[in-house]
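Both complexes below contain chain A, partnered by chain B and then by chain C.
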Partner chain A sequence: MMDLAEAFRGEAEDVLERLEEALLGLEADPSQRDLVDAAFRALHTLKGSGAMAGFGELERFAHSFESAFDKVRSGETRLGDELLGLSLESLDHLRALVETGPGAAPALVEQSNDLLAKLDGPSAVTSGPDTKPRGEIWGEQAWRIDIRPEPQLLLDGFDPVETLEQLAELGDCRWRGRLPESTPPLETLTPGHVSVEWSVLLICPHGREALDEALFFLADRAHITIEPLGRDVRFDGLRALGDIIDTHLAVGDWAAIRGLLCDTPAHATLAPPPEAAASAPPKTAARAEETVKVATSKLDVMVDAVGELVTAQARLEEVARRLGDRELSSVAESLERMCGLMRDATLDLRMFPLGGTFSKFRRLVRDISKQLGKKIQFVSEGDETELDKTVIDRLSDPMIHLIRNSLDHGIESPADRRAAGKPEAGTILVAARHAGTKVVIEVSDDGKGLDRDRIREKALERGIISKEASLEDAEIFELIFAPGFSTASEVSALSGRGVGMDAVRAAVRELRGEIRVTSELGRGTVISIELPLTLAIIDGLVVRLGEEFYVMPASDVEECIAAPRAQPGTRKLLQLRGGLVPYFDLRSWFGVEAPEAPHPQVIVADAQGERFGLVVDEVVGQQQAVIKSLARATEPPEGVSGATILGDGGVALVLELAKLGDAMRMAPVHVPEASLSRRMHP
Partner chain B sequence: MNEDDTLTTTYVTFRLGEESYALGIEQVREVLVYAPVTTRVPRTRPSMRGVMNLRGNILPVIDFNERLHGHPTVVGRDTCILVLEVEEDGKKVLVGALADAVEEVLRLPPEARLPPPRGGTSCRIDLLDGLAHRGEDLVMILKLARVLDDPPSTPPAETSEPAPAQP
Partner chain C sequence: MRSDGPSVDGEVRTSKATVRVEGFFGASRAPDVVAELLAAFDMADEVELALDGLSGADVSLVQLLASARETADQRGARLRVVSHGYALRQCLERCGFTHLFDWELLSATEEVGYFLFGGDE
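After this line comes the complex of A and B, so read on.
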């Protein structure tokens, strides 16, 4: 048996995330009934599975929390700011309870009681009588309901019988369970899994809504179909219907055959009443794919192994080519195909939607804007965009920093916004989308925008630029990423923490990404981050320097051209389609001593929007490179991001061109004027 | 650095020139017969010999003669690479150390260990965790984390800047 508490924690994390999303959504618009339902369902799930896992205090708390929400559902309590604030607090408390495990500390129990007392408080302020929609009474209506539960149902703490009993309360009801043909034989049956399906016949004076209500808890745990059978049906007839329920014929057909449905022709009775057709709930239609939770460490092992496989396959191919053996070549070829498939599938395992991270931001924005006394709404787009898990994890902090900046410096106070003729509430938008082999994530706000004169002033003050430098807007905005630009004086308690935008850029670059900023004074700021889909494998360009090989990401290389004749002096510029591009001799930078090649080449890199050239002896070719990190003890220089194993088993260092370019530009030997880098692109 | 070092009683000893050094046996994963380090890492200290392929893993190799005594290892018949296991950010990584010869596995009762001397050793005393008597000899027990993390500019006598390029 697996560790129940651990399994529960994993599940609870998801459920709490759903709850948080629902609560934050309700804060934006409290009238969204489906979100109230979602919150209610999440709490119910938590209660049930918490009880199964022996989290007693959590069960108790979730139960009372759920009751408070039930009053909201029934319309007894109005969902106001106060209750929502309390709910979010309670959510945090639930998180703490999940964290501590089955035995909650007395302090936590006390906290539970405090919160529950408060939750009871606002509930006392009721808004009139029970307005719970029970569905219009429009005469007796017969329904057939088929319920096919997920096998996990019982283990998740749900009792389907409860639901059936609730249905029975609605009217005359009879149900029958059966084992479908797909039921595994006894010897392979998993104890605790539900194989039974139920068919329910119900005659009641209520509409579809009442049925949905009764089926509420099963809605996302079972496949449910609801079929209206007709009005004014006698139960005698139904009794007969119940007897034929096991057959595979549609009930309506049988009913027609037997003449059981009185008066009206069968096809008329089988047409769903308009209300039912309109309110067919999407939740029963779109069922989530079944998922399995796997520890990331296991995935890492697999990604590593696939990396080895790709490397070994490259060697095999080389050996096959050298030997010129056709049989071996064909084996190598089919292996290559398999490796490709395997690699893609494995990398795909590590891909997760960004939505989980975005919902954390939603909470952050809510809490901090309250603190700041600003009105800010958080909008996210492209929640389903997938990215490598490692990238997502390492992206979280820099993104929080960007959002805090927007909250703190970007969006103005409600008064200022009114004065500027803007809506009082500011908006922070986080949007993600795919763009080829990259993912673009934008953090934008409709705040006051970047002030180019102030930035320029400050950069002058800090000695980042010289007085004479004439800079385009884009170049000025770029300055906010310069090390030492943001300082203690302008960093508030919120966006502070001693990290500036240079740290954000460094983090993004470490993920082999790029960051750019655009802004319009008075209108807002957009910061866009472009990231590779995955970190583990890149399309690499292999180059040779003397007897050494290096690999650079092909995505950062614009073109390769023959190197011009050596120019005298240290400043080297390349005439490239009208523009001048500085270039550097990688041999001397890396201290390569072997004699120079007769026809050296220049790699023109376009990394982070900066173009520069690198002289190499030869461009050997392109290959998929599995990037391995270097131990810190290696003390790799700036611009070396890892190493990879080549087809012949040798090791090549992997270069990170943006950082390498920066390092070479900084070096006084190669670039005599610090401003050169600013002038180099048009 | 590592508090557990004080409890270790089994060591692997190796030679650098005339001196014997020791590392806890749990820090030494294996010992490789010397093979040329294929890939140089540019713009690092001379003691960083480069990286090599160890069964699909990237193994950086540090020349311990260079790092501790300030001159490169002259490759001989007994030259070897100790594969050391160290922890970086909670993950175990492998680091190679070039040494003149591996000697033996040495068991030492805790009382055989002496605190590091004040001076008179051929390597900097802040890299030592202690000393041990082995018959007539002295064995120097290394503080591995310190040797690896050691900022290159610490010793005032040695060159303070890494050479921009080396062979």
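After this line comes the complex of A and C, so read on.
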């Protein structure tokens, strides 16, 4: 079981991300009241749950930080650059306190004090949100408020009754708690979870805004419905209404009949709690689906187990086929369907939206652009696009490198942009979208673009290309991924060390992805990364070379055709529907010495946007392949990304087609082959 | 803040077990006290939850009491909640539960109602 501190760390990470997002949003537009509220709420959450987990120093710091933001909310302090800068520094400090754990080192405490002293000081330079609303109204208004807190609330350090007490400050107020209809015995009770719901009756001279303010901290941690009962409610009716709530009756009709309420809309608005819950306001509707946090290590175990299950199922299918047993085959088919469902559901558990990673880039862009004295706005699109958690984690560093490159080399200084007739502020756009079984992520900027001549010149200097090489623009841009290539005239702390882009491509390829670049001089650059949705299990095409079997991702395979007659060399060209497609002999590549098959086939693949063929002895069929890493001691042949177990228990190597394609492009060209007839689609 | 854990008077199954809770009772203490109460119900037919040393509580105490009552009902055991101070009453009032305990929770065992609102003081 996770201990309290560990659980808090997991939660704090999310809360700090929300806080960062709010602060960066406020930097762009300090008048956004909802972002001030979001920051305030995040700090309050951190304070409460930090206290519960025993992070005393964090609680102290978050409390004072929260107070500083409360002054912003009340209009006492205006939100300026200074306070926002300090807030971001304080956010980093909170991260350090979370990382350190319950016992903060004296140096961190000292840092807390320094920051808090500064947070006390700054005053405003720009316009801020309106002052705290109270929403005074004429006369008295009666309200019914139903509150169903999140179960976790108390364990996160929130006492929902404190909110009820805040409501009571607004006027005449009483509330009733309700236990669930079926009370669990101690054996099944989840200790510490809140299962109580409250109904509140309030008569006050305030409008809805005042209620929202009092309910502020509960707003995103509870399902809340607020029903106006009517104005000019007689005070002596309050107790009677309270009694009605006690007995859980529908109070609307009853109260109206008894003349306790004057306004006719009361009939419509007074509904018993279950109906009120059904008409939840949009703000709280998203909370309807409860979520559970699970350690990724547990998900990894589950994915591994499903992988084994898929392998066992393939084995069963093979045995059933070999024995020719119909009943067994039927069981194997049912199992296959269930395995497919389970595989999809399990892999889906690992899917996370990219937005969380994108929001980190926003801060990166903010900090580095300030450092460089450039004006750069960060825009993200497709934040909701989901990708496997492992892929997201491993993608973060390469993407940071790409963004740093854009910041450092892509976007021009404000003066240069003015001179070029561009707006002073540049833009970096990170966009994600689904494309079939893949996800495409683009990092683009509206900077100066890649200089074709300069890249070529540099590649010549470094011996990457020969003087005679005739290259298209796309091929020249590809050179930036060559090892050791750099066009930066000065090495900066951010990028330009010439070790970046090849490492970025290697990292993307390790994820079975591909990276491409397009650019227009003076207009900007787009770097596009294409990734598989998941790494663990793929739909594979099984092929045979001699006695050995290989698996390639079916999503990269376009079609299979009969191979042309044998030609010398490793690289050849075939004509396919009017176009030339280079193809490569896999037997030569892997050094297979067994006698050649009588009817070899060519797998036509599309990897990194390049079509090419691979000659194999036989296409065996399709199979779900659970990809296993090769032992560290084993240096895998180039173009092999792992291994998998086949239905008969044998092992097959999993091919990485993009790498094979690269190898093919390096080989000498031979004469085009005659056109070929298509035989089958995989 | 202290929870003594169940103490047993005598060694037979019908003996009384007492779980004592002192200081502030909040969500973070609930797992320990639940475990102690379960142990107490396992060893005795009469369980006393001694809250006379309670200084304050949040709503998790209300849930604990309701669940303890349910357990007692299911096992045919007797639950006694002993409180000499105002902390329990304050908690029930603050959480909006006085009414429910009067009519539902406390009626499950006569002793609970008797002790709850100072009858024993």
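What we mean here is this: the second predicted complex is superposed on the first by the 603 of 682 C-alpha atoms of A that agree within 3 Å, B and C clash if a C-alpha of one lies under 4 Å from a C-alpha of the other, contacts with A are read in each partner's own complex, and residues count from 1 in each chain.
Here is the rule we use: contacts are C-beta pairs under 8 Å (C-beta built on N, C-alpha and C of every residue); 3 or more make two chains touch, one makes a residue touch a chain.
Only a predicted model underlies this, so the values are computations on that prediction, with no experimental measurement involved.
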(request) Look at where chain B and chain C land on chain A after superposing the complexes, then choose clash or fit. (result) fit
(message) Once chain A of both complexes is superposed, is A:308 in touch with chain B (first), chain C (second), both, or neither?
(response) first
(request) Based on the superposed arrangement, let me know which partner A:548 touches: chain B (first), chain C (second), both, or neither? (result) first
(request) Figure out whether A:650 sits in contact with chain B (first) or chain C (second), or with both, or with neither. (result) first
(request) With the two complexes superposed on chain A, say which partner A:640 touches: chain B (first), chain C (second), both, or neither. (result) first
(message) Looking at A:324, would you say it contacts chain B, chain C, both, or neither? Reply first, second, both or neither.
(response) neither
(request) Have a look at where A:463 lands relative to chain B and chain C in the superposition and call it first, second, both or neither. (result) neither
(message) Just to be sure I read the superposition right, which of the two partners does A:595 touch: chain B = first, chain C = second, or both, or neither?
(response) neither
(request) Pick one for A:191: touches chain B only (first), chain C only (second), both, or neither. (result) second
(request) Could you tell me how near the closest CA atoms of chain B and chain C get once both structures are overlaid on the shared chain, in Å? (result) 35
(request) Please name which positions on chain A make contact with chain C in the complex. (result) 4, 52, 154-155, 159-161, 164-165, 174-179, 183-187, 189, 191-196, 198, 246
(request) Over in the complex, which chain A residues touch chain B? Could you list them? (result) 308, 311, 548, 588-593, 628-637, 640, 642-643, 645, 649-653
(request) Write out the stretch or stretches of chain B touching chain A in their complex. (result) 38-45, 48, 51-53, 56-58, 60, 62, 86, 88, 93-95, 148-149, 164-167
(request) Quick one: which bits of chain C touch chain A in the complex? Just the residue numbers, please. (result) 26-28, 30-31, 33-34, 37-38, 41, 58-60, 62-64, 66-71, 74, 94-97, 99-100
